[in-house]
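Working notes, structure below.
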Amino acid sequence: MSESKTMMEKISESTRSLTTGVDTRDVEHWVTIYIMGRGYSVPADLTIMTAMEFAGYKLIRSCGCRQGFCGACATIFRREGQYKLESALACQTRVEDGMCLVQIPFSPAEAAYYDIAAESYDYSVFSKHYPEVARCVSCNTCTKACPQDLEVMDYIQSAIKGDFESLAEQSFDCIQCGLCALRCPAEIVQYNVGHLGRRMFGRYGSPEPEHLKTRLAEMERGEFSSVLDALVGASTEKLKELYAARVRESDE
Amino acid sequence: MAETVVITVKSEAFLKKIVALSAEAITVCDQCGTCSGSCPMIAEMDVTPSQLMRMVQLGQSEALDTKTMWVCASCFACTVRCPRGLDVSKVAEALRQVTLRRSVDHLDIRNIPDDELAELPQIALVSAFRKLTG
Amino acid sequence: MTSEQTSTTRAAPDTGSPKRTRLPYYPGCTLKTTGKGLEDSALAVAETLGVELVELPRWNCCGVVTSLTDDDLMRHIAPIRNMVRVQEVSDAGLVDDKRVVTLCSMCFNALKWSNARIVGDAEDLKSLNDFMYLEEDYRGDAEVVHFLEILKELDPEAIAEQVKTPLGELNVAPYYGCTLLRPKSIGIDDPEDPTIQQELLEIMGATVIDNPYKTVCCGSYQTVQDKYAVAELTHGILSHARAAGAEAVTTFCPLCAFNLDNRQREVLEKHPDFEPMPVFYFTQLMAVAFGLNPKCCRFDLNHTDPRPLLRGKGLMKEGA
Amino acid sequence: MRIGVYVCHCGGNISEVVDVEKVAKAVGEQGNVVISRDYGHMCSDVGQKLIADDIKEHELDRVVVAACSPQFQGGTFMRVLETSGLNPHLLEMANIREHCSWTLPGSPKEATEKAESLTSMAVAKARLDEPLEKRTMPIGKRVLVIGGGIAGIQAALDLGDAGFEVHLVERTPSIGGKMAQLSRTFPTEDCSACILSPKMADVPANPNIDLLTNSEVTAIEGHLGSFDVTVTKKPRYVDPDKCTACGLCEEKCPVSVPDEFEEGLIERKAIHVPFGFSVPNKNVIDESVCLRLTKGGDVCGLCEKICPHDAIDFGDRPETEQFTVDTVIVATGYDIFDATKKTVYGFGRFENVITGLQMERMVVHGAEGTPIRPIKGRIAFIQCVGSRDEQVGNEYCSRVCCMYASKLSQLLKRSDPSRDVYVFYTDLRSFGKGFEEYYKRGQEAGVKFVRGRPAELREDPVTKRVTIKVEDTLSRQMIESEFDLVVLSVGMTASAQTDPIAEMLKLTKSPDGFLQEAHPKFKPVDTLTEGVFLAGTVQGPKDIPDTVTQASAAAARAIRLMNQGEYTLDPVVAFVHEEACDGCGLCVPACPVKAIAISGGVTEISESSCTGCGVCISACPTEALDLKGYTNAQLLEEVRAALSGGDGTTVLVFADDMTVYRLADNVGTARMAYAPNSRIIRVPSGGRVTPRLILEAFSLGAGAVLIGDSEEKSSPFVGSAATMKENVAAVKSALETEGIDPERVLGLELVTVMMAGFVGRVNGLCALANKLGAVPEDKRKALVEHVNDKLLSNKR
């Protein structure tokens, strides 16, 4: 926030309703949701994230791509009349009447610091950096929490068994949203374990792809030097022009 | 000077709590000492297993401060011998759980040296964490 | 029981027919790492004896130790989830038995105990089934057995037939530890004087050294918080076995193996005159006696290398 | 029918609260009552005469006395009837003192109403009273004693001396039992053999005792006064009349086996005399090891060749003998605990671990100067081996081990003070006469008593010495110490040899496996089978003095029955309305004493076996079974009278005679007040109250029903409390089906001291009945429709 704003500007900015561009007069269906216990009437077709913004919340952290890829807006909520505490990405889940929401939470975790070249490629890498994986009670709560429908418990079990390949495969679509860790009774940070496991597998377990080797050799031979040099030397206008004229997948 | 044990209303409550957690009829312990004589970890203990049972019988919550309950290896050597059919390892577990359920770990995972973590088989870590962390 | 009554459910070598008895098999985490020597040798031995151990799909860590507090259901989930797997493979006809075979004695104990505890209480079984609503309901009719029990069901003659290299000169002290024997309701033998390993070792032709330390705890998970306390127990167990004339001990437990074998390093720190002793997984010796490819024994994973002893006794070729 | 009613003032005890005149007048107007009086003291001579005179004058054939508890004066009035020529069972008493006036002080109106109701109930029951004939059976003076240990010997001698005909059957070749093996007896240190052998010799010398050794009782059938016994005499292969026990055969016999009498410490030959002072002192051949008898043909036969008296008879065969006795004394004794079951103590595996009985033999031989093996150095006794140990399945204390270990340890210490003797114990129990002093003598002798139960024993593979690991629980220090010899103080266990005998005589076992006495306090040597008594350790662990005491007691109890020449049976027994019985047999398993059989398609009851508990009646779907003195019809009439004129909130209390009726008496005696709308009905047992009767009671307008029974363990009737609970459960479910609150019926197991509890429960039920109000008419009717379907459909 700029220092130059007046106090009144700041106040009016902070209380301004950040709508989603929806003209409330056009809205036919409304639902009531509860954010931190307070009720709000919001249009029925909003996501949790847009509904919160409609209600006046300003999301600065815990919101990223808004497309269901970055994993930043993981949240928990409860549907009316349900005993289950559910979890989802706020940008991907539509509000329902009676839904109880919280401020979009963040699951604090510490990632291990390691030199991948110095690690041994067996289960002990997990014991060393995330020994708490051994506390897993196989309750499967992590799997139930995962918005990506991953078999989280299974990949944690793979970590315990030292099965990197299975871990990497099962955790491949992880978006690091942290919902698994938030719900885990054994306080394991699953997504970090998955991350470590995938890196280990990439480094030691998976075969080096032929096409990568070929391409690296081409680069070393200087086959792309002239093209790259031309780009680096181009003016801003030229770059804009090139960008606009780029070949996109959908154009092909 | 010998210490005086003060028996209060809380003593009974403590006994009841441990009885409930362990599902063992602790008051029927006959103090014969079979458990102590059977215990492989006795050298590491500050009070003998039978003494631990006595402390719980008398409702002494000081039982929670003993080293004995943490060095119990749950080997059940006492269990198969107790002439009263009691399971002292269950009582030790109940005492551990009283502490662990307050989220107070006995074993600080982060204090285990990396080289040991790397060497210990999973079976050791899983069991130790189940018994010694909450 | 007569053989007629049991023939449909009991494992038996059936060399005449190509069909082997397929039993569900639960390995356990450590058998995939430091305990690989146990798994690989046991699978090879089982195959030789006409028993096919079918590894459960998607098995999870059993939790190793049974939760002993009365109100704790959470820690029984892991074992029971594995029992659901047993039920699944059994229902699918992938195995011939509802008894899941374990090799690791701690897994055996944890699974059998939780299974008995939960199956014995209809309410708790329902609670767990409700909790694990993503799984099919566990009906509670699967059982947990240890590989030793399967071996004991076999005709001793059939095992003896497979012995190509009798262990003759080898003086072995069987070590049981805790979880194969205790508590009584779970154990597979007399908790004070077990003999099940001895009987089989005798079939292998080994010289069996009995000693009272065979049932003394190795210190179990205390190895994590006090390795020297565990080393003292190791010292006691191995010294007594040595004094009784043993040259090696056998076990079925990867944690006993770790404490008895790897902790010899700490024993030597405290007792420099201690003479290291090889610690075999039981099935490693069976594989040796059966003359199977020694690769299945994974002796490279043993801390105290047993190969010099085996070579010295003529039980293993030089260079193997 | 002519009934006389007598309402007693009890010197004000009743009349100060109850308007006795009003009661007498009201009841006097009821049917069949020809005279109704009230009087100051009915139990006085004058009162008794009043009744006697009326019986004559008014030709009364039923008498109702409304006074105190029948437990108190019932006998008095029965005698009045008897002397007046009436059957004493034509008397009914209404308990308007303990159950009425004393429980309603200050409430004359309620008390009077209740007294009238109680008296009417007695009249209703009296109308259906039948004369019950005293049943007697002739009884002779013949007795079977099974077991020739000290218990059997003592009982046989007492009976023989008293002139009774005794058959003493002993399984082994000699009498003497375990006592013959002992060194000395505690606490007096008499030589066991010295005091026992004269008694053993007395047995064959007694002309009234028929001694059958090496024999087993193989069948007993019948009952008190007529037990038909079959005894199988096993072959000795030696003619006892010819054998002189010269020993020549033993010298020649080539087969040696461990000697049982020496607890396997030394060997005996296949042909042997059981022991030095055995009775009879004759050789016997052990057929299980003898070469000739196991291999046949002409093998061996050395004994036959050498015997100078031609006493060997390989052709000897088992013989059976049959005789009839009037009573039986079971004295089959105990087994010592099999110490190999306590694996951790290494018995049978460690050569220096022995049992206490082995030590007895070693002490005997040491004292005789022929030691079996040297006893040197450090010696440990371990107590409670096989006793007080749930791991081996024995929860009980064996009662003798503390003292025999005290004895052996101090004998060892005193005879050689260089021995270092320890006793490891959990609790040292020295409760008998002179025991504590004797224990102290052991301490004085230098025996060290250490409080701790050894956890494990380990044998040194080379020296064979044994290390004991134990906590000294008094100092909380761990002891690991090596001993040269470890003695296991093994306890007593029930002998498997007793099982077939118990089955033949229908004897029950207590949870410890020993045989169950009829009553732990007042019938300690009786059993629930009439005419069968227990002597010695067959009933539970005990020492020699207690065993002898009990043996003499069993003899006295047997004499008490046999000496009368005839035996009077309780007239309250079950009987069958044969026209109603369809022979379904449901009652057979229901009888706890196996007195019921099906014969010729109908139920037949053995009156000599029937205890009159009435438990069987609930099992009968056709109301064919009934109980004399408490018939179905009588109880129903009593119920009807109790509820007549009630408002639907009356609480019926069925009280068993043994406990709850007396408990209600005690409540009255203590002047504890409880709700007036309760009516106590006396029954022999809680199990007698059938579900049908309870449902009838509700249909007749009961507000609530309580069935009180003796708690199972102190009940005179096996299975009554369990049947009562089953019945109550059945009634509850029937009530629920009809939409009636099942809380209206309550079954309780009680003991006679639970007075406050009784009052609380009765008041609670009365309050409940008041709160719920009367059961609506339609529901009451529905209750008794299809009663069988409701109660018995699942039984058939």
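Which chain is which? They are A, B, C and D, in the order written, and residues in each are numbered from 1.
The rule we apply is simple: contacts are C-beta pairs under 8 Å (C-beta built on N, C-alpha and C of every residue); 3 or more make two chains touch, one makes a residue touch a chain.
Computed from a predicted model, the values in this text were never measured in an experiment.
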{"item": "Pair joined by the larger number of C-beta contacts - A-C, B-C", "value": "B-C"}
{"item": "Whole-Å gap between the CA centroids of subunit B and subunit D", "value": "44"}
{"item": "Distance from the mean Cα position of subunit C to that of subunit B, given in whole angstrom", "value": "28"}
{"item": "Multi-chain contact residues (two or more partners), subunit A", "value": "123, 134, 160-161"}
{"item": "Residue numbers of subunit C (touch at least two other chains)", "value": "29, 33, 61, 63, 75, 192"}
{"item": "Multi-partner residues of subunit B (at least 2 other chains)", "value": "80, 112, 119-120, 122, 125-126, 128, 130"}
{"item": "Full enumeration of touching chain pairs", "value": "A-B, A-C, B-C, B-D, C-D"}
{"item": "Residues of subunit D touching subunit C in the complex", "value": "343-344, 349, 456, 458-459, 461"}
{"item": "Footprint of subunit A on subunit B - complex, ascending", "value": "109, 112, 114, 117-120, 122, 125-126, 128-130, 133"}
{"item": "For the subunit B and subunit C complex, residues of the former touching the latter", "value": "20-23, 40-41, 43-44, 70-71, 73-77, 79-80, 87, 89-90, 93-94, 97, 106-107, 112, 116, 119-128, 130-132"}
{"item": "Parts of subunit C lying in touch with subunit B, wherever the complex brings them together", "value": "28-30, 33-35, 61, 63-65, 67-72, 75, 104, 106, 177-178, 181-184, 187, 191-192, 215-217, 219-227, 229, 232-233, 254-255, 258, 262"}
{"item": "Residue ranges of subunit D touching subunit B (in the complex, touch as defined)", "value": "344, 384, 388-391, 426-427, 451-456, 469-473, 476, 478"}
